[in-house]
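Look for chain A in each of the two complexes below; its partner is chain B in the first and chain C in the second.
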Partner chain A sequence: MAAPEVHHLFHAPIADHSFSADRATLAVARDTTVELYHRTPSGSGPGPTFRLQDELRGHDKTITGVDIAPRSGRIVTSSQDRNAYVWEPSASGEWKPTLVLLRINRAATCVRWSPSEAKFAVGSGARTIAVCYFEADNDWWVSKHIKKPLRSTVTSVAWHPNSVLLAAGSTDGHARVFSSFIKGTDERPEASAWGERLPFNTVCGEYLNPTAGWVHDVAFSPSGAALAFCAHDSSVTIVYPSGPEQPPQAVISVSTQLLPFTSILWSSETELVCAGYDCGVYRFAGSADGWQLSGTLEKDERGSASRPGLEQREESALNMFRSMDLKGRAGGGGSSGGVDDTKLKTVHQNSISTLRAYETDGEGRVARISTGGVDGRVVVWKL
Partner chain B sequence: MSSESRLYTFSQDTKAALRKFRLGTSRAKDPQAIIYQIDKSNMEIKRADDEVYTNVQELADELPDNSPRFVLLSYPLTLASGRLSVPYVMINYLPPTCSSEMRMLYAGAKELMRNQSEVGRIIEIDSAEDLEDIEERLKGED
Partner chain C sequence: MAANINWRTINIDALDPESAYNFDLTTLTPAVQPVSSSEVQTLSGQVRQLLRGGNAEGALRGALENAPYGADEQGKAMHLSVVTEVLGQIRQAEMTPLLQRMYQAEGGSELCDTLMKYLYKGMGQGTPTSNSTPKNLTPQATGFSQVGGRHFGGGEGGGQAMSVFLSWHEKLVEMVGPGSIVRVMSDRRTV
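Take a look at the complex of A and B:
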């Protein structure tokens, strides 16, 4: 497994991050501004680094979501100040913000562009999801609200590949699938296991986490045929629907002994990647018959005979002598002294807040992923 | 007031049509409605289309979701007392999703439109569904 590419940008939490389509620009939410970093080729030191290129100022309160649309290059940001801005790149390199009136009276918690990039969905603490689309006649972003069954804050939104179905996880313990069909902007979606005629705000599926724990993240599988969500009871649930108005074909819930996950991503139809409060990245493998935890992406410290393992042991020998010299601590195999315990064994030193797909290979499988965490690091992992 | 008449314009045809509509609808048996819009490019107030709507449902379907409109409505009513009345009102349709620019454009023209069309009163609605109880509102306020 190749070493992950670590970019320690600053010492502040990163609520959300997003890469541009060519992966040369990285947008990172830092408190009330979005910092845009440009990738510089590996001049000094190992691997490419990111240099601060621009800052998008406009929001008054903490930014909770950033998303860059791959084709159009537009950036949408949502913040606790109840607003969303759409930033358009201009020829001179300046970013022009357009305020979108979401008409919500609580903070916006997350934002994602639809795959068609004609709309974006904003989850909020106002128990609504604002689906926004651009109306050319009025030169204005209009927001329509999905309210009906939502009973608490929406923590995350995820789009189905057809840009009509929208999944939302909420603190009321449910993960739901809605239709956000907008006449004039969307094409009629093909009939799928989620439903056929789908007017706006139709609930295509509502799934309760068994312990009613907060749902932190939801994601559709690459084909859209299955939905996965992770909740605060440290479980991951995968739902395979069979048809509209019918009970699902399978609902598989996997409980783990790890800390809860905050972000999940499908790397293929049969594999999930999750990250959360454990500060590490984990993989799940399975299908409609069953799922299980299949491993972690972190370096295996003990035992591995490959190069990374060797280096690890060498480093800890060096550290052991260094700590004996500096701090007077005698080292030893099993004793607590001598081993540096001020750093976590994982790459991230604090919880991971977002997981994004970085690179997909020819067959649509995700080959590399990027994670952003509360420690201010953005790390690119190879799967 | 006069400053608005310098900003918004009515063509002579529109003024004549407004007059004709006001005078000609008091004898009709069913509701008569015309939708007016403001052309952003030349600030002219004119008809949205050439149809006179006689069905409230059709009128509700025709109103756009995200733009304000003025509707001149003449609605024959039979009051509780048995009296026949055909109130002529203007409906100010302002959906909450429309942009601030449009809101201000139509708000500025509201009084001018009222005077030009010589309606009895203005009714504010913010969604096409509100049109369904227009009859109740007209009866209640008489």
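Take a look at the complex of A and C:
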């Protein structure tokens, strides 16, 4: 397995990150700005490096979500200041923000473009999902609210490939599937196991795992025929619906021994990739008959110096003096045989906040994924 | 009359129909079967009988499989004291093999999570040997209890029970990892 490509961008948490379709631009949410990095072929290091190119300023509170639409290249951002902006490149190369009328009275927590790129959904702490679309008459983005039966903060939103069905995870412990059909914007979707007639705000499914821990992330399988969500009880739950208004065909919950996952991604119909507070990336494999933890993307060899990206020590002088002070020996080298136990054995040195598909191969399988973490790193992994 | 109203103490949440205050949160939690105190008592009797018969493993299994999630505070406290009793009867050396057998059996990870809940509840109680609920526990709306002040000096018995809980905890975490501890915190079915 090829070594993961590590980009240590800065020393601050990355709440969300998104690559453009050509993978040349990387948008990273850093505090109240979004930083745009551009790929430069090769610096001094072995792989490509990312250089800061532009900053999107406009929000005045922490940014919680950023998403680049793959085809149009438009960037949408959501923030704790209760606003969302759509950023479009202008002729002069500058990014022009358009305010979206979200009409929410609590922080926006997450944002995702629909696959059609005509809409996006913003989750919020106001127990609301704002489904936003462009109104050409007024030349701005307006929103319609999904309110019922949400009882708590929406932590995550995910789109079905048909751009009508929307899944949302909430801190009330439920993962729900809604219809976000908007007349004039959407085409009437084909009937599926989730429902046949789908007016706006139809609840197509409401799922709970046995412990009812709050849901961190939700995801539809590539075909949209199954839903997976990860919750704060360290579990991953996969739901296979059987038909409209009917109990699901299978609900499989896998409890793990690890810390909870905060992000979940289907790499194919039979494989899931999860990451979170355990700082590592884990794979699950299965089908409607059952799921299980199948492995990790981390290398097994412990404490070896061969892991790339970690050779450059963070704040090495500080570490050295701290180590001399606390342990009476110089960091790294010392009596215990050169093992530095102040570092995690994972590539990310803090919890991972988002996991994204980076590259898909010809058959629609995700070949590479990217993760962004609290440690300020963006890592590209090969599956 | 308006002069008599203390505006600062009006519960504004109660006046807002949208507020979570006016919403029954139990509809969001998994349904649990209500269990009466007498049923808990019967169960305790059965578990104690198994324990007296020398089948500590069966007693523990039975107590954990039938954890009374739907019982009231008194019933739960009663069941906790039974579980504590069983745990105290099992020797250090037997803990790991017993846990291994339990974990590998069908539905074993669920049982281990339940055991972890009892360990934390027991450790939070301070003096688990006494059957009455300690007065320094303030039950919170979230379902968790907050310990106002620990009294470790609660006699020899308390310290001994605590060491039993701690050694079980150590062995259990070795097996089921931190995931189980997180589940104790996030599970809405409390023991």
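The rule is simple: the second predicted complex is superposed on the first by the 345 of 383 C-alpha atoms of A that agree within 3 Å, B and C clash if a C-alpha of one lies under 4 Å from a C-alpha of the other, contacts with A are read in each partner's own complex, and residues count from 1 in each chain.
Going forward, contacts are C-beta pairs under 8 Å (C-beta built on N, C-alpha and C of every residue); 3 or more make two chains touch, one makes a residue touch a chain.
Nothing here was measured: the structure is a model prediction, and the numbers come from that model.
In the three-chain model built by superposing on chain A, chain B and chain C fit together without any clash. Of the two partner chains, chain C is the only one touched by A:174; chain B is not.
By the touch criterion defined above, A:245 lies against neither chain B nor chain C after alignment on the C-alpha atoms of chain A. Of the two partner chains, chain B is the only one that A:142 touches; chain C does not reach it. Within the superposed three-chain model, A:103 lies in touch with chain B and out of touch with chain C [touch as defined at top]. Within the superposed three-chain arrangement, the count of touched residues of chain A is higher for C, of the candidates chain B and chain C. Shortest separation of chain B and chain C in the overlay equals 19 Å (C-alpha atoms, whole Å). Against chain A, in their complex, chain C makes its touches with residues 20, 23, 25, 28-30, 109-110, 113, 176-180, 182-183, 186-189.
On chain A, the positions that touch chain C within their shared complex are 151-152, 172-174, 208, 210-214, 231-235, 255-260.
Looking at the complex, you find that chain A touches chain B at residues 101, 103, 135, 137-140, 142-144.
Interface residues of chain B facing chain A in the complex, by the touch rule stated above, are 65-67, 96-102.
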